[in-house]
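Listed next: structures, encoded as structure tokens.
Two complexes follow with chain A in common, the first pairing it with chain B and the second with chain C.
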Partner chain A sequence: MARFILMRLLQMIPVLLGVSFVVFISVYLVPGDVARTLLGYQASETAVQALREEMGLNRPMLVQYWIWLSDLLRLDLGFSGALRMPVAEVLGGKIVNSLVLMGFSLFLVVAIGFVLSTYAATRFRKLGDRLTVFATLVMASVPTFWLGILLLYVFSIQLQLFPISGMYDMYDPGGFWQLLHHATLPAVATAASAIAIVTRVSRSAMIDVNSRTYMRAIRSRGITPARVNYVHMVRNALPAFVNISGLQVGYLFGSAIFSEIIFNWPGIGLQLYNAILQRDAPMIQGCSLVIALTFVISNFLADLIVRMLDAGKR
Partner chain B sequence: MKQTQKTSNDLKGDMPMRPDKPLGWTRRLFSASALSLALGSSVGLATLSHDTQAASARDNTVAIAIEANMARLDPHASTTWNTFRVLMHIFEGFVAEDLTIKDVEQPPIVPALAESWKISEDGLTYTFNLRKGVKFHDGTAFNAEAVKFNMDRMLDKDFKYYQAVAAGLMRWMWQDLDSYKVIDEHTFEIKLKSPNSEFLRRLAMGGSGTPRFISPASIEKGGNDSVETNPIGTGPFKFEKRTVGEATTLLANKDYWDAERLPEIERLIFRPISEVATRELALMSGEVDMISSPSPDSIDRLKAQGLKIESSPVSTLYMMWVNMKEKPLQDVRVRQAICMALDREGMAKFHRNGYAQPAYSVLNFGGPGYDPGFRDCQYDPEKAKALLAEAGYPDGFKTRMDWTMGGGGDVNTVGDAEWIQRNLSKIGIEASIESFDNGTYWDMLGSGIREGTGFMSVSWGETSFFWLDQVIASDAIPPNGFNAGYYDNPKIDELLAQARSAKNEDAMVEHLHEIQQTIADDMAFIPYYTPIAIYAMRPNVSGFVLAPQHWHDYTGLKKN
Partner chain C sequence: MQANAEVNIGAKGPEVRAKRRSSLYFIWQGIRSDRYALAGFTILTLITLAAVFAPWLAPYSPTEAFPNLRLQGIGTEGHLLGLDHQGRDMLSRLIWGGRTTLFAGITPVVLSALIAIPLGLVAAWYARTGGLIMRTMDVLFAFPMVLLAIMLAAFMGPGMTNMIIALTVVLVPYNTRVVYVAAQQEKSSSYIEASIAAATPVRKILFVEMLPNVVSASIVYSTTVIGNIVITAAGLSFLGLGVQPPTAEWGIITSDGRQYIFNAAHISILPGLAIMLVVIGFNLLGDTLRDSLDPRTRLSLIRR
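After this line comes the complex of A and B, so read on.
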């Protein structure tokens, strides 16, 4: 096990290096002058040059990359051009906010995905199953931003059950319940398509398990259907479930970007969106890096859990 | 709440359960958790309320949702008008525009930290008598030394706290500066190289840096970068905190020097919400008290909800840059034909739902020399067709329009392009549209209109005319400025210089009118409308004054 973990960690190094390089140069592939954009259109060339100097933009690209990477290893992501504040400082709070939203979304994905797939698999080709399949088809096809606006319209405007935006009340911020209240709609919007995918994949896995001969053998021993379903079927389909759920984490981050913009949730996604609008290179790099890291780490964790489940089975 | 509870019970009743089979605990657990997740969470959470504790905080706080995120908070280095919209409440300069009155074309200049001033006969020396007894928010006294500290910070390369980008950002402000000095504790003198008819007006401006005063003590203590997180000025509101991307909170300055403009409320929250639909929803639900720039299409709906709408034309101009290098457009008759083809009145009335005024001159509404009666051309598609034929294009020609998807305050700029496209097609000009994100777009404008494109367009304009230096002057042809259509007429440069150094306003306006006529004759720029700024607010918000400026005075704002 330790060897497996070590190998996977070592494998992550070239992946992360590649990611960091792509993240770094992506900003330079975009046409236009970062310093000019930051200063606006009334600034003189001298001011632009002064800022280029301040930001180190006059050095060769590979030198810039090397400096950026070595700073990165010290957790120094540089200064935001638009805010003149350390990127790491700004992102620190944003990461937490995004993780809160992600955590809640992932909880919904795992819980609802598990319940729905088990429900559908045990009613294979019956009405409940067909309804579930239909529902997941809808959920998977609906774009996050559209669903977000729909949820806002129905639950916030018409029914007035949920707030429109942000994480806390503007006038009197604080408290776990207030947070949960604000997080519900964005989490549902973020989770919808992932729930659909998890449900469909693990439903298939469970149906597949059900058709195996050993399941027939178990049934023939007169074990109650509930036990057959919820112990044997579920347990054997668990690795597939965990694997697909783990893979969703990265995609959840993708959907979360839309949710964060629609619901004005102050996380990495909204920060990235604003940084792109402001052409704030260090901030764009910081945000992309955090998102890429989340993807890599969550895949690693999913692999690890699947491996542990496999080991448990042996 | 009760209704939702009932729904969840109903659903439970509908759950398919087979009575012939024993219902295992796991199954029950699953059914229960499915329901509680799908519906229960909403039921439980929605009942939460915080009305009681928040009531008092709510009464004294006004939250405003604005279109875009703010940039850095250092007033000498800050770049966007959206940021100045917040900074102007914290920092003050010698003079200000009086934004407590509306229904004026251009806000009058009033004293701020200078009680009075004297301008020498030759228009070169400005002597400011500084207001006595004013303190910065950190208790530091405001005096001539503090002014010098700030001037050095903006302009003196050798000063310990020199802000490297300030001078370049504020070329529009200090281009005519000769020298400055402290006369005594409450007197400060600025000398210019050549007279500047707009010097006082420009002292009141901001957006690309602003010549306003920061507490010297705060910088000496925390260093230059500390201004970004701890901006200390003398204004009616002081900075409380900023959570990047979420909100910036200002507190009323109870010791403000101007008793007439003591803030009525205790806290002012600026909250960036870039999505226009989300901004509107946040207002409807009462999460914020006021929003800027709702979509003109939403106004009726907002009104029907009982929300208050304030609107006023603002000193901005939407204008097309014409590419003078493109073959058909080199002929002035073709450019005139294009002008005549534009139904600008219809555009303002129908496309912008009445929330715009047609514009016919490069001198924008709210700016110096604005002349509402001026017309660069008359709408006349028939005559336009004839002119095109005369120029050798009886069947029109093909061209392209490069357009922006809009910045902070813009709503549906691409709709503008489509309107213009339809107008042009009526005289046989077939124009395709390509749109770009705002950042890229400005880079394109700064490097000049590309080959094959006939027109580009942005909104620009101030209550001062300094922006024309960067747009219509021949030394502003890219890469040196934003004369993106390569309009090269030395007469314009001369007129601009004359307008700036004019000794009095009448002379300045006379030169500006000459500029307006020259541009119309050459038809190098085709303005189309002045937007009407719209603010929407909750019915319990009062005292908002929508002066014709991009930013507003919030000292009279009340909430009942």
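After this line comes the complex of A and C, so read on.
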């Protein structure tokens, strides 16, 4: 296991370098001078000249990348012209907020996905199964940004069950239950499509397990149907379930950006959106980099869990 | 081509039916035999027709404003689905918006397949170049799909063309991997060995012999991802990175309605329903296309 972890960590190094290079190079897509793009249009000509010098813009691309990367390793992500603050400082506070939302969403994906797929698989081709399949079809086809608005309209504006925006109440902030209350709608909007996909794949995996001979052998030994379903079927379909849940994490990262915007959740996604509106290039780079890094790390963790569960690979 | 000729020498037998059929035949048989696919096909046909014939179907121009009827809801006289914040007819904007959204969603899928098929074939054939290509793709996989599209579109600047480029770039790695895996399998099969033995030029092996057998893998992948790309394209426009106002596009209309959610919720809710309907159509159809294009499940469609 230690060997596997070490190998995976080593494999991550070139990928991380590549990711940082893509983020670095993306700012060159903007037509015009890079230093000017990074500083914004209100910056003075001397400041632009100074940055041009610092970045080594008249030196080869790889040298520029090296300068940028060494800054990055010192956690220097550049300076946000729009907020008049270092990018790293702004993002530091937002990462936790985004992770909280992601955590809630992932919990919903795993919990609801598990319950729905087990339910559907045990009622294969009965009404409950068909309804679940239909529900997942609809959920998988819903755009996050629209679902967010719809939930906001129905549950916050019409029924007034949930707050409209933010993480805490404006006047009396704090407390886990308050956070949960605020996080419910954005987490549901983020998780909906992923729940649908996890349910569909995991349902098929469970149905597949059920058709195997060893399951027939287990049944023929007179073990209660409940035990067959909830112990043997579920246990054997678990690696497939964890695998597909892990694959959904990337999707959740994308959806969370939209949820954060709709529900005004003070995370990286909302920051990214504001940076786009303000044409704040270093901030767009910083947000993209942080999201991509978190994604790479969570993929690594998902791989580890699958590996630990999968008896065949052990 | 020998395979084309009907095996029908002398006696009449069941062999007559084993003539070569086009893929379209199998796709149609697949759709016809499955009511879910038929439902998806019907939804998509209707919406595509509405989009194509928008100038004749839409009761008003998508930019024509009736300022005194601003924000009027569903069922307003003369405006079936109400009006938006500028007093533009919602039904007309939705019909015209379908054009933009469908175009912006489908084009990147087609373009990325056109890039990924040669790329995947070359990568599978030349081990060293292939390694390099696939490692580059691995880097792009490290970005969540939506994030990469947002980042590229943000830096290239808003507009339909840039959005399509961004979405194409995002899709290429996935599509290339699909083609690469399919081509890897074909590479070790005996018909390719025979071609090599017959000193067929590599270019011909790849693009004449192998191509037809990897294309279906790419098409199957494309059909499963197309709904997702329609959503992402609308999402980019929603963020202001895609198609620009006043063009009617479902993502933009949803975004426009956000500020009026308290008193005119229909502006945001209707275009989202339209997107959902299209994506349901694609998802229903995708499952069947996967079966129709897979040679192993085709037989069941002939025997019907």
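Heads up, the rule we're going with is that the second predicted complex is superposed on the first by the 277 of 314 C-alpha atoms of A that agree within 3 Å, B and C clash if a C-alpha of one lies under 4 Å from a C-alpha of the other, contacts with A are read in each partner's own complex, and residues count from 1 in each chain.
Methods note: a contact is a pair of C-beta atoms (placed from the backbone, for glycine too) under 8 Å apart; a residue touches a chain by one contact, two chains touch by 3 or more.
Treat the numbers as computed from the prediction; the structure is a model and nothing was measured.
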Which of chain B and chain C A:143 touches, first, second, both or neither: second
Partner chain in contact with A:170 - chain B first, chain C second, else both or neither: first
Touched partner set for A:223, first chain B, second chain C, both or neither: neither
Chain B versus chain C as contact partner of A:62, first or second or both or neither: neither
Touching partner for A:301 - first (chain B), second (chain C), both, neither: neither
First, second, both or neither for A:96, with chain B first and chain C second: neither
Partner chain in contact with A:6 - chain B first, chain C second, else both or neither: neither
Touched partner set for A:155, first chain B, second chain C, both or neither: first
Touching partner for A:43 - first (chain B), second (chain C), both, neither: first
Overlap of chain C and chain B interfaces on chain A (superposed complexes): 30-31, 149, 152, 157, 261-262, 273, 276-277
Of all residues in chain B, those that touch chain A in their complex: 4, 16, 21-24, 26-27, 30, 33-34, 37-38, 41-42, 45-46, 48, 50, 53-54, 57-58, 61, 63, 68-69, 71-72, 74, 77, 79-80, 164-169, 171-172, 207-208, 225, 228-229, 243-247, 269, 271-275, 277-278, 281-282, 284-285, 287-288, 437-440, 442-443, 445-446, 466-467, 470, 480, 482
Partner chain B, residues of chain A touching it in the complex: 30-33, 36-48, 50-51, 53-54, 82-85, 90, 93-94, 108, 111-112, 115-116, 118-119, 123, 127-128, 149, 152, 155-157, 159-167, 169-172, 175, 177-178, 180-181, 184, 224-227, 230, 261-264, 266, 270-271, 273-274, 276-279
Footprint of chain C on chain A - complex, ascending: 14-16, 18-19, 21-23, 26-27, 29-31, 137-138, 140-147, 149-150, 152-153, 157, 250-251, 253-255, 257-258, 261-262, 272-273, 276-277, 281, 284, 288, 291-292, 295-296, 299
Chain A contact footprint on chain C (complex, rising order): 135-136, 138-140, 142-147, 150-152, 154-157, 227, 231-232, 234-235, 238-241, 251, 254-255, 257-258, 261-262, 265, 268-269, 271-272, 275-276, 279-280, 283-284
